[in-house]
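Each chain carries a letter (A, B and C) given by its place in the written order, and its residues are counted from 1.
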Amino acid sequence: MTPAESAAKFRARLRNQAPAALALLPAAIVVAVVYVGSMLMTARLSFSSSHMLPTFDWAGGEQYSRLFDTERFVESTQHIALFGVLFIVASLTLGFLLAVFIDQKVRFEALFRTIFLYPFSMSFIVTGLVWQWMLHPELGIEKTVRAWGFAHFTFRWIVDENLVVYTLVIAAVWQASGLVMAILLAGLRGVDAELWKATKIDAIPTWRVYWSVILPTLGPMLTTAAVLLAVSVAKLFDLVVAMTRGGPGISSEVPAKFIMDNFFGRSNVALGSAAATMLLVTVVAVVGPWVYFEHFRRKGVRA
Amino acid sequence: MSAAAEPAGPRPRRLTLSRVGVYVFLVGASAFFLLPLWAMVLTSLKPMSEIQQGDLFQLPHTPTFAAWSRAWSHACTGLACNGISVGFANSVKILVPSVVASIALGALTGYALAFYRVRGGNLVFAILLVGAFIPYQVFIYPLVRIFAWIGIYGTLTGIVVIHSIFGLPFMTLLFRNYYSSLPRELFNAARVDGAGFLGILRHVILPMSTPIVIVAVILQVTGIWNDFILGLTFAGLANQPMTVQLNNVVATTQGTVEYDVDMAATILTAALPLAVYLVSGRWFVRGIAAGAVKG
Amino acid sequence: MRFKAGLMAFVATAALAVGAARAADPNSVEVIHWWTSGGEAAAVKVFADAFDKAGGKWIDAAIANGDQARAAGINRIIGGNPPGMMQFNTGKQLDELVKGGYLDTLDALAKAGNWAAVLPKSIAAASMRDGHWYALPVNIHGQGWMFYSVKAFKDAGVEPPKTWADVLADAPKLKAKGIIPIAQGGQPWQEHILFDDVLAGQGGSDMFLKVYGDKKTAAAAVADPKFKAVAETFKKLKDFMDPGEAGRNWNDATAMVITGKAGMQMMGDWAKGEFSHANQTAGKDYGCVPISGGYIIGGDVFVFPKQAGASDLSAGQKLLAETMFSPAIQLAFNKVKGSIPVRTDVDTSSMDTCAQQGAALMKDPSKQLPSLNYLISPDEAGALDDVITKYFNTPDETADQFVQKFADAIKNSA
């Protein structure tokens, strides 16, 4: 290739790529300023002593040692862990069961599907308010069952500091298990009809087929569903605000709310930033590998 | 992914015990999913006296829509008693430009990433992907400062920009994956014909984008409508979306708690995404699964 | 690209709009405040109407919830688009704004209006930094009140309590009659108010001041067995509340006293607004007792952020401050607000009996205590909120554990 040729090629390449590069500019700016810039600033502030206004002095790990000394933060992480495990397991289980039962050539299939999935269209604020009323001892289920004649029936999980986290799980499972059903149902519909014929000839019980044959083939879809659910765990905030406001006491507090309170209510920017940074590190540690395997390694990115 | 129309499960036999069991399970599950909505609708139709006397699932003796009209036009959020309709108008004002801006930006970025080899493109994409999973709290404080500094904190512009920013990862992923699945020959042919970046986008790519745009619109309309924390933090007093206002209406009480009005307001707030869901049906399902499932 | 151009256009338009608003009428003042409940709104209208009548123009920017209102105002101040006046809490937050040079001083106004002479000393001190005035105090709220239903106590045949020992003795009698003895809102700030009332009422003013005072004296005061006794009394009150209290609003709790469903509520004097709203009269339908043993002084102040390109207060800002501080407006405003005038030279004889009790207590400095906003940072107050609400709502947490956590929270916070 002569220099002239390679220069021409370079110009051609520039002509081809320059508009694309320009088109990517807004995204690049967002990535640089918002995603990377804000993360770095949050991380930096967590090592300062900022109160109401951000200052960029150096306070070392002071905020972190205070953070792990703060009962509310430590309990918040325990609540979110308990909530996360129960929510994901229960949603996957219920969603799988719903999908399997709907897959039995039932009548009114479309109706059932609609019913199971509609809560997913609702916001966490609406979900939280609905369940707060359902579970309120002086309004909801307890009052109703008592009115039916069971005068000593009690169902007060939402005002019980040991059980309130489970009420968050109930509400969140109500909202999200239809999503799992929808994803898995698509997977079930992809199962080969020949497979069913074969298992029928061998007289294998249906539940065994689901358990040992179908379930493993749904692996990728289960992973997808689990990741989508996991995302909403780390972001859990709206539901708590609408449903319990973190109470009774601090028994349903979550990290996201701790962060918001410290940023905007308590003029404690440095401590809030430290908590946000902890959240960031946890999420990246969990999600980073998944993103890598899911989108880069298996297929490679076609640029 | 597309949901095949035919159930693939085992062939149904006659009405056996296990068939009955299937229906019992499905009906029981339906009750769990429907009861909260049912209770809300019933309560919103009852006068307060009936709510205090009876229970949540009792049918109203004298159904009334009074609570609905109060919720819509007179419910108080502190000082102002103009009802949830103000929030509805604000949510629409936020929704329309946010949906358009975030989809346009996502489509453009997705197109550039799918067909062009721009240096650093992969890095941008990787960070966006991870960013999609990071809770907003990590970004909120610096963004508030940056927005205050540019002068768009607490404005309509600010909240539209915010929704475009936080919609970017998912929208980019959606469009990039969709465009990657299109036959590349079309793109190459147009290129050989001398079409440029925008020409190919306009004449080749966009005409084929209808299905993915529908999915994106459904996702963004429900997502932005249901947002609470971003509206709370960035929209400012004059633009508070319906979810924020709903929470204020429920938290503001004068004298007795008006459950009928609260529940009517809640149903009104949920009405739009619910309608989108009921109307769009299978597209909705495709939308929620699309971003994470390949293709 | 197109999006970006659009964004820039958007930003430019927004900036223009902001600029236009700023260049408006010199007599107009935009006010950020968080007075949004029914009674509060009526009170703020007194200020707004008086200002408009005096020739100004009140531009109202009410934001429900003090945290959000303050955050919005602070972000606008830092963003270079400050409101003309904003409501504020005194304390550490004010320090930071003053230190950053974001606030105008009110020295000239204070001198002309003789503020130093007419304000109680504690309030004057809280409004000043380094000898300069930075905040305009407008009212005095008492936080340590117990409001009771006259009818509920009559039905139960019990005299209204005067001390915490009385409360513990009377509550079971109310309960026996099927009356909820104590109406409480289960939100951390309300539980903190209740705790402070026990701390000042049973522990004494001296203990109160030490616990919320200098960190060294605080450690010793918290270690005192009398502090543990306070914690025990506080926890006992939980037995006299209903299970529905979790998350309840303060005014919903007040409504329970108004209807006689509950016997009493410990709350600040803003609760009076709810009683008058329900057409109840102090001394006849409901009564008030300073259960904290004195007067826990809280109150609201307003600050005037420095405006871009202006070296001093505008004519409108000056007029507004003078209007709000004038004796007649002070009386009118505080009658509606439920608080008492911040000026000691206002005749309070036309106010209700509770306000007069309060005003009488204000004449005796030994009965006065500053509320938390004056004493500790929002950081420390928040950390203590968490400790108090946790203890109150965890049946098996002991008073000893609580004392330890309380001491740690004071030590760890700013």
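By definition in this document, a contact is a pair of C-beta atoms (placed from the backbone, for glycine too) under 8 Å apart; a residue touches a chain by one contact, two chains touch by 3 or more.
Since the structure is predicted, the reported quantities are computational estimates derived from the model, not experimental observations.
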Chain separated most widely from chain A, comparing mean CA positions: C
Most heavily contacting chain pair (counted by C-beta pairs in contact): A-B
Separation of chain A from chain C, taking each centre as the mean of its C-alpha atoms, in whole Å: 38
For chain A paired with chain B, centre-to-centre distance based on mean C-alpha positions, whole Å: 15
Of all residues in chain B, the ones touching two or more other chains: 105, 108, 145
Residues of chain C engaged with two or more neighbouring chains: 3, 7, 68, 78
Residue numbers of chain A (touch at least two other chains): 23, 26, 264
Of all residues in chain B, those that touch chain A in their complex: 1-4, 6-12, 19, 22-23, 25-26, 29-30, 32-37, 39-40, 43, 54-58, 105, 108-109, 111-122, 124-143, 145-146, 165, 168, 172, 180, 196-198, 222, 225-229, 233, 243, 246-247, 250, 259, 262-263, 266, 269-270, 273-274, 276-278, 281, 284-285, 288-289, 292-294
Touch list for chain C against partner chain B, complex: 2-3, 6-7, 10-11, 13-15, 18, 35-38, 41, 61-64, 68, 72, 75-76, 78-81, 249, 251-252, 255, 258, 274, 277-278
Touching residues (chain side chain A, partner chain B) in the complex: 16-17, 19-21, 23-24, 26-28, 30-31, 33-39, 41-42, 45, 54, 94, 97-98, 100-106, 109, 112, 114-126, 129-131, 133-134, 139-141, 143-144, 146-148, 174, 178-179, 182-183, 185-186, 188-193, 196, 199-200, 206, 209, 220-221, 224, 227-228, 231, 234-235, 237-238, 241-242, 255-256, 259-260, 263-264, 269, 272-273, 276-277, 279-280, 283-284, 287-288, 291, 295-296, 299, 301-303
Of chain A, residues touching chain C in the complex: 22-23, 25-26, 29, 49, 51-53, 66, 69-72, 136-138, 156, 158-159, 161, 244-245, 247-251, 261-262, 264-268, 271
Footprint of chain A on chain C - complex, ascending: 1, 3-4, 7, 67-68, 71, 74, 78, 92-93, 96-97, 100, 186-188, 242-244, 246-247, 377-379, 381-383, 386-387, 389-395, 405, 408, 412, 414
